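Consider the two complexes below, in which chain A is the common component and chain B and chain C are the respective partners.
What follows is the complex of A and B.
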């Protein structure tokens, strides 16, 4: 039965998207200013995102970010972007099919997405082989842009986020001895831990103990009692926020008062919601901070709130910047030719977006300064 | 630190023991493993959370509410998932195991729908009461958990071995038809057993919420698996085996973390179980023939 529902859903969505795209086309035509100083560059940009099923919350934020950026870019007039949005349902095979459709039938100039790193592992090689630039906006695993020279991303990998938060906390609190705690059954938290451990060794901190936990565990008291007995200056904790918040809560209750330092996975308003007062003193690094005192960020947050009724999260912000980066590359390339667009993209340096100053490195990966945040007085604040 | 870890281990072990008691009671009478027990336990935790944290009602009402809801769930489980399969000619012994697995999947997803996927805060003023014994901080909840687990074990033993109802239950366990012929209302006895076992799961759920402060819809699965391991370890159907097995598993898990490495927490605990089973295949307190355990 669920199959029929899903089929019906896809059919409805296709119909809807046709209507929607058609409407977008009609609406954007009269909006083009008839200025003759530079030819308008028309480009079809494919989007692969999770629109249905588990994880569709991410897809919603991401496509919202794209649509907002598209409307703004098209209103400016130098570049006219048409988005062709495909659903991947978070599945590899569907992401691959979507990529093939965008590359071959839709003839897009470039692809934004897919949402998950595992999806990029199949869609990336396909786009690369066809010579279509593809840029991940939420893929944080290692080895994404190494797929090939047509693969880009603007999402901050954990290997950049953690050194920022750890480095700043160590300097600020004069940390000498640390306890490490991580989830050993998740690729994301495990790779975060590897970065933390390397950081601790590079900074010549003494590692008192390394403790592990598993996803969904509810009792962390044994590990925390041990950590408490060793009396560290700080706890480096590579966890996703669900487990991380519970760890914080139990640690504070037990009397562990030292700072906790986490990565991007720990960065969610949910931490404060779940752990309440116990969340105080958590240091995380993130590419996106909605309360940043920057006119660009404020304007984006205001427009996004007006359009979608909620504060943009990091996925919306990364998508928003990604389309602007794409528009910038289109403008520089002066054409929507795929190979020329790739070269222009690879040449993007010091782009000022809502995430801050952004560049691609020689391997088309992210170069940017993450924001380090601390939870103080019940909310995230810039840590300085 | 040793004393604190000892307390951690005893608290965890007592909770394991209460969960395992629910399994062992149903297994002892029906010879089936109730795979839905972990999820019923999880519902107990959520009902307790709704009453104690969301409605801020006193703690005893959280226990009563959890007992009422999980008891009712136990009744429904017996009525719709177990009774229709019992005594059917040709129904496999495994049929009821599969139907309880079905119920557990259903309950987990219902909990997901109602309560969401993430962690929910379980806080009560009672869980904050603590006192210091020398350098060691003891929470009153931890004492309460141990006390309740001992009380439940003692009460269950008394009921099974010292009352008429207990005798009827043991007779039913021994042989369903014979007990029925001798005038035991076996349907009622079985229903009562499943209801009582489920209500104990509800109590365990509230205690877990109080001890760890957070609950989610996955705790049934992890606690349920531990409970299953414990009754095999302690001896299927044995009340004291469930208690001893729970405490041993809780303490060994805690001390592996305290003096070894937390990465080996489950591995060492389960290696210990395997070793015991190799030496004594019927479990710590189990008797040779599976029918003659109680």
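What follows is the complex of A and C.
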């Protein structure tokens, strides 16, 4: 018995030792001195992103966008931003630990990220309780900014994207009866579907059927056969591009020729790469259009290509704009104090970024006009 | 503030360590009868969802929610265990892994109860609830020299520490009891154990139920530590992660998975400074383990050496 108690003691000591590790180190770490009157505002901004594991493709684009924006902002001189980037590897526990580290060890002024809505639902309440502004750049699910008054986002939620694409398509194609298809095990596609269904009901469309699929599925023939038999005017599909492209390809092969209408998740050049000709006629709504005829967008795309060798996607563009919004708020606040920065952020209106004109609403959520795109002749074009 | 060194980040990581210790112990309990069950992620989700739904939607206090969640997981352990334990070895592993996936798919599709893929948000967090309750009684964190977020993290840390410590002590004591001896006998040779008069089915189901109960308990605590759960938390990856605690730490002594849980939670955090490469080291370490120490870091001879030396030191003093 005394032996087992000793063993338990060793285990407990191991666990406890962690808490005291590096304890002294933190106390001496200087927080960034808020220089209220100095012309240059220094700020440490924390970033939580997926750098390893599944989803690190998003994380890479996002951190690239941040780094490009940081270099440009620092070169201008009014605000000097230091990024502290932490990995969450897409896991909620890790996102929470990273947020705690940024808030308490790194003493950042604000946090950008995390990447996924599920991560935000864990990290957001913690940042909010600690009084640290946190802004999601890719979190699109419902109920994010409702977490608390320190939680922001600049990513277009599906609840704005889908009404735009659905509304436009219904008007142009005179759609009366629709089939709905969505991935039911993903927060993003599920939120998108909820909006789609509501939109269809509001427009008094008759919903012929609602079909579901799961992440990573590769055969959609069962759902598509049923849809084909019902002969809808259009298919509203809430999917990420990985599944969406395969669905399109199989649907066209089975002879479903009606338009497909998607949300923001469908918006990726990869859809055309995977589905090829089958992607023709897909309608999506997005905040980001790389071929937009706007000097700001063109300059950003050119600089991004030069730095990273590829065209920026919407995640890079949203991250890029997010840091500019943060810099604007820092400039307005005149300090990197967390509470004042929050108030300045909440006051951002009519900010002109690469995504277009952007404002926060009273609930710190996004106000902007999405662009509706259609795939024609193998590339995304503005749907008119 | 006198306690400035008390960093919520370190407390947070330690809290996840305690949850992982419970999960590591849960897979050990079934392993101690020689059964490999990979359903722990499924049982964990039952505990987490039961407690989350009861506390969030029906206003039940957290302790009752956690206990109900654990019990529910234990009961489902018995229900699954009775038919599943007719299988052995890899077949049992596959069946239990399948069970875990079935549970997850049920949670994805039972939208009216679980919110589907969107999950359950705003679950009462044990630290924040404790502080709120104490503040109502006129207590403030500042009066003991702590900031609010320090107090919250410290509460979570202490509660989970107590939960992990009590569970470990219970199962350490169990291993030298009548039940523990029966488990060990079944593990070594089931036929011989049966011939010696041990009711093998009873003990195997009991071990399965204890493992499920412990997973459910850990899951419920997880829900009240992170305040958000979704079916994506309880996938096949979680089951494998729990298995790795046992494989890495050692599966022949309870302290093996406990060590695995501590070390493998700590490692990715300690390696944060090399961000992009940290999981490469994690993987390389597992491969190295398989080659040089296939039984895991901690095995009974090591325990005897450690405990023996410490006992000798104690006697010498």
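Just so we're on the same page, the second predicted complex is superposed on the first by the 339 of 384 C-alpha atoms of A that agree within 3 Å, B and C clash if a C-alpha of one lies under 4 Å from a C-alpha of the other, contacts with A are read in each partner's own complex, and residues count from 1 in each chain.
Going forward, a contact is a pair of C-beta atoms (placed from the backbone, for glycine too) under 8 Å apart; a residue touches a chain by one contact, two chains touch by 3 or more.
Remember, it's a predicted structure, so these values are computed and weren't measured experimentally.
**Student:** By residue count, is chain A touched more by chain B or by chain C?
**Tutor:** Of chain B and chain C, more residues of chain A lie in contact with C.
**Student:** Would you check which partner chain A:184 touches, where first means chain B only, second means chain C only, and both and neither mean what they say?
**Tutor:** both
**Student:** In the overlay, answer first, second, both or neither for which of chain B and chain C A:238 touches.
**Tutor:** Once the two structures are laid over each other on A, A:238 reaches no partner at all.
**Student:** If we overlay the two complexes on their shared chain A, which of chain B and chain C does A:195 touch? Say first, second, both or neither.
**Tutor:** After superposing on A, A:195 lies clear of both chain B and chain C.
**Student:** Just checking: does A:104 make contact with chain B only, chain C only, both, or neither of them? Give me first, second, both or neither.
**Tutor:** The second partner, chain C, only.
**Student:** Determine, under the contact definition given at the top, whether A:255 touches first (chain B), second (chain C), both, or neither.
**Tutor:** In the superposition, A:255 contacts chain B only.
**Student:** Could you look at A:274 and tell me whether it touches chain B, chain C, both or neither (first, second, both, neither)?
**Tutor:** Only chain B; A:274 stays clear of chain C.
**Student:** Scan A:143 for contacts with chain B and chain C and give back first, second, both or neither.
**Tutor:** Second partner only.
**Student:** In the overlaid three-chain picture, which partner chain does A:223 touch, first (chain B) or second (chain C), both, or neither?
**Tutor:** First partner only.
**Student:** For A:336, is the partner it touches chain B (first), chain C (second), both, or none of the two (neither)?
**Tutor:** Touch status of A:336: no partner.
**Student:** Please report the chain A residues shared by its interface with chain B and its interface with chain C.
**Tutor:** Common interface on chain A, chain B vs chain C: 184.
**Student:** How about chain A: which of its residues touch chain C in the complex?
**Tutor:** Going through chain A, the ones touching chain C are 1-4, 6-8, 10-12, 14-16, 18-19, 21-24, 26-27, 51-53, 85-87, 89, 92-94, 96-98, 100-101, 103-105, 118, 121-122, 125-126, 129-130, 141-143, 184-187, 189-191.
**Student:** Show which residues of chain A lie in contact with chain B when the two form their complex.
**Tutor:** Those residues of chain A that touch chain B are 184, 210-214, 216-219, 221-223, 225-226, 228-229, 242, 245-246, 249-250, 253-255, 270, 274, 276.
**Student:** Within the complex, which stretch of chain C touches chain A?
**Tutor:** Of all residues in chain C, those touching chain A are 4-14, 16-18, 21, 105, 108-109, 116-119, 121-122, 125, 128, 148-149, 152-153, 157, 161, 164-165, 168-169, 172-173, 176, 226-228, 230-233, 255, 258-259, 262, 266, 268-269, 272, 275-276, 278-279, 303, 306-307, 310-311.
**Student:** Which residues, counting only chain B, touch chain A once they are in their complex?
**Tutor:** 1, 4-5, 8-9, 11-12, 118-119, 121, 137, 208, 211-216, 218-219, 221-222, 253-254, 257-258, 261-263, 265-266
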